[in-house]
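What follows is chain A paired twice: with chain B in the first complex and chain C in the second.
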Partner chain A sequence: MGFKIIGSSVNRLDAVSKVTGKAKYTNDFFEREMLCGKVLRSPYAHAVIKAIDVSEAKALPGVIAVFTSQDLPKLKYATAGHPWSIDPKHRDIEDRMILTDKARYVGDSVAAVVAQDEIIAKEALKLIKVDYEVLPHVLDPEKALEKGAPIIHEERPNNIVNDFGNEYGDYEKDFMNAQHIMEGVYDTSIVQHCHIETQTAYAYIDTDDRIVIVSSTQIPHIARRVVGQALGLSWGKIRVIKPHIGGGFGNKQEVIIEPLVAAMTIFSHGLPVRYTMTREECFISSRTRHAIKFSLKTALTKDNKLQAIHVLGISNTGSYASHGHSIIMSATSKFRPLYNFKSFKIEPKTVYTNLPAAGAMRAYGVPQMIFALESHIDDICRKLDLDPIEFRKQNLVSVGHEDPISHVVVRSIGLSECIDKGKELIKWEQKRANYKEQTGDKRRGLGMACFSYFSGTHPVSLEVAGARIILNQDGSVQLQVGATEIGQGADTAFAQMVAEVLGISIDMVHVISTQDTDITPFDTGAYASRQTYITGAAVKKAALEVKNKILTIASRKIGLQIDALDINDATIIEKKLGKEICSLGEIAMEAFYDRTHSHPITSDTSVNIRTNAIAYGVTFVEVEVDMKTGVIEVIEIYNVHDSGTIINHKAALGQVHGGVSMGLGYALSEKLMFDEKTGRPLNNNLLDYKLQTIMDTPKIGVDFVETYEETGSFGQKSLGENPTISPAPAVRNAVLDATGVSFNKLPLNPQTVFEKFKTEGLL
Partner chain B sequence: MFSIKKIYQPITLAEALEIYTSNPQLKIIAGGTDVLISLHHGKLDDVELLSIKNLTELTGINYLTDGTIEIGTMTTFTEIFRNEIINKYIPILAEASVSMGGPQIRNNATIGGNICNGAVSADSAPTLFVLNADLRIVNNEGVRIVPITEFYAGPGKVKLQSGEILTHIIIKKADYKGMYGKYIKFSNRKAMDIAMLSVATLGKVKNNKFTDLRIALGVSAPTPIRCTKAESFAFNKTIKEELIKQISEKTLLNANPRHSWRGSKVYREHLIQVLTERALKEIITMSGGKWHE
Partner chain C sequence: MNEMKKINLIVNDKTYQLEVDIRESLLDVLRNRLHFTGVKEGCSVGECGACTVLIDGVPTSSCIYLAVFADGKKIRTIEGLEKDGKLSKVQQNFIDEGAIQCGFCTPGIVMTTTALVESGNKFTDEEIKREISGHFCRCTGYQKIFDAVKKSLDDK
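Let's turn to the complex of A and B:
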């Protein structure tokens, strides 16, 4: 499209400050006499708190405050980072309090302590006496659905958070007329984000009697609202500041500790209090990824076209609803613009259990769904002796496809080209042929998996985004957005957009990276891979407004029409002749200081986006399986994405590397484990939770097919979460190719592989 | 913040022994990579520490005139795996040392700490077991030498009396000369992980027969162990595929792995055999032997 700065690999704006340690994160800020907050957590998976005695803890020298649910307003609130819904029917489930009066998982927050330092705070926790009445607990969602199962929330005695499904087309008939009906059950495990910086925040009451919270959050404006709701305070009384953040991956698209730190400062005379989760706490008391078990049934026509699908999903949301109901909804709707099913029936169930609450995590339910679907597709192909690539290609949707339920329209799709690229990169034909008859201890195989994903949340949620630009005297600008930089590179992408529209260089765009709800334009934050697509539209709109104001002054000065002018290299030019007229700085100076017309140039605008753009991609992988030990090694891996216009190639590459590595951990090693008998977490630390290291990560190949998406402000679609979706099923399919064994539960860690090989008689 | 009540930081061994003798409640801290984790988990609240970090007498690796190799217990794993003497004479210890943790851990963690922590998964243990390493232990009254194979008492327990400090690890020439070794650490990750199981083998081959074979296992019993039954079975037998299999099976006569969520007993027993077989084949190849007909 003839862009100059869009598509170029400019350096991340925060690269130098981050690698030199200059960038400030939440815990780099200090207030005088900062106090330390700590939380007493339940040792029981399910227990009524009959009484709490905090007197001894309160009496400990150095303790400022000790409080429990008894001391807080009895307000239940929802923690999911979604835009507020004016319609009560579309609101998130309000099932949580800042501190609980009933323990629903091992780790539930029972009491809070504020002390002069951490050691005193920890000592005080030991002095709190809690009288628990232990109740039977349930960890398995299928057991939680049984009659007589422990009731986790009185409001939902059947333990079902939500079971709203969808149905479309003549589903019964399609199954009746099917040539083949295929079935499979695919299950995933509970995993965790493992962002480097755990949940952390500090709060104080300022001189105007307002609560100021500095927090590592993806969603400052939502955090402000939820703190207000949780404490029964007017929202304007709350101010949330978000500095640099050490990763979130969805786990900070949730208001987890902000209401608590606000309460801590309230109970401490407004003194500053910091609360930082330990890694062990973060594993269980922030959020996890839902384990979802999908039972799929598909109907195929005689020419091997996918005709109908039945999806039955049971999602384990743990002890609190969090994002629960909307995650399985996302999972079961974002896969639909991939294959051309004529009818479907979707029956999801989101179920409470006595486990840590599951919430938003990169790609929001879709990795679970795509693991099921793409494993199922390979199982079909193997059974019917079909080429898995050709089969997929024959069943893809095409431009113009409209989802019958959401009415989201496919306006661009480059998946077929992505598949061709991936196939060539990994040398599919040649290697598949070579690996046909293997017998040794080490066997190789190839696999692939496709995915579709959305850009933002429309039409399920509101998609509003704000941007503000201020022109400086030298022609440079400040850009402010409400969407947050969380390491994904959004600020750099936005700066490129501004530079592109205004015809200035990237170093003339200063992005105010910190969000402050008192100052920052309204935007709901970083999630759903929405920033470049949604916020990008607001940024473009603001930049166009500034450009128009600049050219208005230039037009007045020069006498040419606005349409005849443009800005190039920070110089006003006559478009047609390419003739340079004056510098942008000169116009800016007039805007500031002209005695007659002075009117400094700014724009402050927002957009409400009511479209969605479907992004696509594919993973190709080669594995080597040690048939004796069960160890699976990834030899080669390629992710090829259709994310529309790539705004910044270098940043996009980084995004894909991170996403694929997360996907490989999901495929091969990560699993949060719990003791069946007690519900206690077994491996909530980074030694026993097998997050992969760089030594485990193969070289990751990346490529793009750049379609142009008409609804994107620069032709772009989402990319943030996408790379993490398809690696797991691709690895699983490669293992199937290498060994002939279908693994239908993640992860494929050595112990699991060993057991399965034994059952299959391979060992 | 750690809940440390007091820390002594002597600079000579004599001073350290004196402090320790009069304060037997002290917990010794070397590199800190285990002690600080215990503190973090609240298992050592209000601890009084005796740091042996500044005891230069406990550092360094020496090659003595009779070929004995002496390793100071405060030597870090980074120092060990980069050391010329270790790489020349006992490369298997370098292999074990570099498998431990990640660079930051290896820069701090000491071999003495690794042993005294008593972990069944200690990466240095199986290798030191096959090397018949001796431990020099001192107290205010004198010195005693204990074979490492007799030092472990149970999971997390070693036979160190109050007032005693482990100062050196001693490996005699006869225990490494002409021997080839292989350490295999089995873990879920390639770095920053503890062993789910580990095997060290050290052997000498003459005329395609094992004239000396030692096999040690980690995470296969309440302490690291030697597979004495498999070792004596292998002695002077002609190497064949079948023999390797039999030796590997016989390792189970000494092993008794635990069943836990970290790994099942059945899987560990299977791994012991598979990994022993693989390690044996490696040392046979290194020694110029062969198992193919």
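Let's turn to the complex of A and C:
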């Protein structure tokens, strides 16, 4: 589209500050007499707290405060980072208090301590005496649904958080008339975000009697609201500041510790209190990814067209609803603009168990769904002896496809081209032919998997975004947005957008990266891969407004119409002749200092986006399976994405690399494990939880098919979460190709693979 | 229990005389007492590598290294790499290769890379990976980190 700065690989704006150690994260700020907060956590998966004696803990020298649920307002609130809904029917489930009076998982927050330092705070925790009445617990969601299962929340005695689904078309008839009906069950495990900076925040009460919270959050404006709700305080009494953050991946799209740290300062006479989760706490007491078991049934016509799908899903949300049913609803909505099903019936259930609460994690339920669907598609092709690529291509939706429930319209789709590119990159035909009929100890195979994903949350949630631009005297600008930079590179992308519209260089755009709810324009934050698409629209709107104001002054000065003018290289030009008229700085100076017309140029605007843009992509992978040990090695992997216009290629590559790596961990090694008998976590640390290291990560190939999405402010669609979605089913399908064995549960770690080979008689 | 000890820490060529609790980690002293906040804390138990500093040239997890052990030793942190307002080559390579995202693991990996470069040794690709494998990064998938390390070693 003839962009100058959009699409170029400018370096991240915050790169220098990060590589010099100068970038300040939450724990890099110090206040005099900063106190330390700690939490007493339940050792039982399910227990009523009959009594708590905190007297000895309180008496320990250096302890400032000890408090329990008894000392807090009896307010239940929801922690999910969704925009508030004025309609009560559309709100998140309010099932949690800052500290609990009943332990629902091992690690539940029972009491809090504030002390002079960490050592004293830890000592104080040991002095708190809790009388627990231990209850039977349940970890398996299917068992939680059985009659007589332990009741986790009194308000929902059947342990079902929610079970509404969707239905469209003549589903019964399509199954009756089907040529083939295929069925499969696909299951995933609990994994964790593992951002390197754990959840951390500190809070104090300022001299205006307001609670100031500095937090590692993706959603400062939502955090402010939830703290108000959790403590029964007026929302304006709370100020949330978000500095640099050390990764989030959805785990900081939830208000987990801010209400607690606010309570800590309230109980400490407003002194500053810091609470940082240990890594072990972070694994179990922040959030995890939902394990979801999908049972799929599909109907095919005689010419092998996918006709109907029945999706039964059980989502294990653990001890609290958190994002609750939204996760499986996202999963079962976002796959629909992929294949052209004429009818569907979706029956999802989100179920409480006595496990850590699951929440938002990169791609929000979709990796679970696409693992099921794309594994199922390969199972179908294998059974019917169809080419998995051709079969997919024949069933893809096309431009104009409208989802019958969400009414989201596909306006651009480059998936077929993505598939062609991936196929070529991995040399599909040649290698598939070579790898037929292998019998050795090491067998190779190829697999692929496609996905569709949304850009933002419309039409489920509000999509409001704010942007503010201030023109300086030299023609440079400040940009402020409410959406947060969390490492994904959003600020750099926004700066490119401003520079593009205003005809200035990137170094003339100063992005104020810190969000402060007192100052920052309203925006709901970083999630749902929404920023470049949603906030990007606000940024463009603000930049256009500033441009228009600049050209209005230029027009007044020169006499030419606004339409005849433009800005290029920070110079006002006559568009048609390309003739330079004056510098942007001169116009800015007039805007500031003209004795008659002075009116400094700013823009403070917002957008409410009511479209969505469907992004697509594919993973192609080659694996080598060691038949004797069950070790799977990824030989080659390529992700090809249709995310519309790529704003910054270098940053986009980084997003894809990181997402694929996370997807490979999901496929091959990561699993948070619990002891069935006690509900205790078995590997909530970075040694035993098998996060991918540089040794485990293969070279990741990346390519893009740049469609132009008309609803994107620069033709862009989502990218941030997308790369995480399809690696796991692609790996699974490659293992199927190599060995003939269908693995229908993640991860495919050596033990699982070895055991399965044994039961299949391969060993 | 609450025993204090006087130590000399030489951080980025400057000597600091401190009285530290013998239980304090080098990480806590660097961050909380001396405000070298470029040294990051990711796990506190030596698993993630974010707190890596060079102690007498050796990359070390400062979270599991007691401050008293560092008495008299030369410590280098990310804050000491810039010379005369100019980034080190390793730092510049991390920027140019796009090896930085959230940035939380960056200082530790830059310090380990600096030690590799200064060792004067040659490393195969596999050896580079082994040397960096003590650092977790959840953002980058290590691709650009590997490129930045390799470029730094080739740059010499």
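By definition in this document, the second predicted complex is superposed on the first by the 763 of 763 C-alpha atoms of A that agree within 3 Å, B and C clash if a C-alpha of one lies under 4 Å from a C-alpha of the other, contacts with A are read in each partner's own complex, and residues count from 1 in each chain.
What we mean here is this: contacts are C-beta pairs under 8 Å (C-beta built on N, C-alpha and C of every residue); 3 or more make two chains touch, one makes a residue touch a chain.
These numbers come from a predicted model, not from an experiment.
Asker: Could you say whether A:Lys122 touches chain B, chain C, both of them, or neither, answering first, second, both or neither?
Answerer: Only chain B; A:Lys122 stays clear of chain C.
Asker: Check whether chain B or chain C contacts more residues of chain A in the superposed model.
Answerer: C
Asker: One more residue to check, A:Met695. First (chain B), second (chain C), both or neither?
Answerer: Both partners, chain B and chain C.
Asker: Thinking of the overlay built on chain A, is A:Val660 touched by chain B (first), by chain C (second), by both, or by neither?
Answerer: The answer is second: A:Val660 touches chain C but not chain B.
Asker: I'd like to know which partner A:Gln716 touches here: chain B for first, chain C for second, both or neither.
Answerer: Neither partner.
Asker: By the touch definition at the top of the document, which applies to A:Ser603: first (chain B), second (chain C), both, or neither?
Answerer: neither
Asker: Per the contact definition in the header, classify A:Leu687: touching chain B only (first), chain C only (second), both, or neither.
Answerer: both
Asker: Applying the document's definition of touch, where does A:Asn749 land relative to chain B and chain C: first, second, both, or neither?
Answerer: In the superposed model, A:Asn749 contacts chain B only, not chain C.
Asker: Kindly classify A:Ser319 by the partners it touches after superposition: chain B alone (first), chain C alone (second), both, or neither?
Answerer: Once the two structures are laid over each other on A, A:Ser319 reaches no partner at all.
Asker: If I apply the document's touch criterion, which positions on chain A are contacted by chain B in one structure and by chain C in the other?
Answerer: Comparing the two interfaces on chain A, one with chain B and one with chain C, the shared residues are 119, 278, 686-687, 692-695.
Asker: Would you mind writing out the residues of chain B in touch with chain A in their complex?
Answerer: Within the complex, chain B contacts chain A at residues 1-3, 40, 42, 102, 186, 188-194, 196, 261-264, 267, 270-271, 274-275.
Asker: Quick one: in the complex, what on chain A touches chain C?
Answerer: For chain A paired with chain C, touching residues are 9, 11-12, 14-25, 27-28, 30, 119, 193-198, 244-247, 249, 278-279, 486-489, 650-651, 653-654, 657-662, 685-687, 691-695, 697, 699-700.
Asker: Please output the residues of chain C touching chain A within their complex, sorted ascending.
Answerer: 23, 31-32, 35-45, 47-48, 50, 77-79, 81-82, 87, 91, 94-96, 98, 100-107, 110, 129-130, 132-133, 135-146
Asker: Write out the stretch or stretches of chain A touching chain B in their complex.
Answerer: On the chain A side, the touching residues are 117-119, 122, 278, 628-629, 669, 673, 675, 682-683, 686-688, 690, 692-696, 749-751, 754-755, 763.
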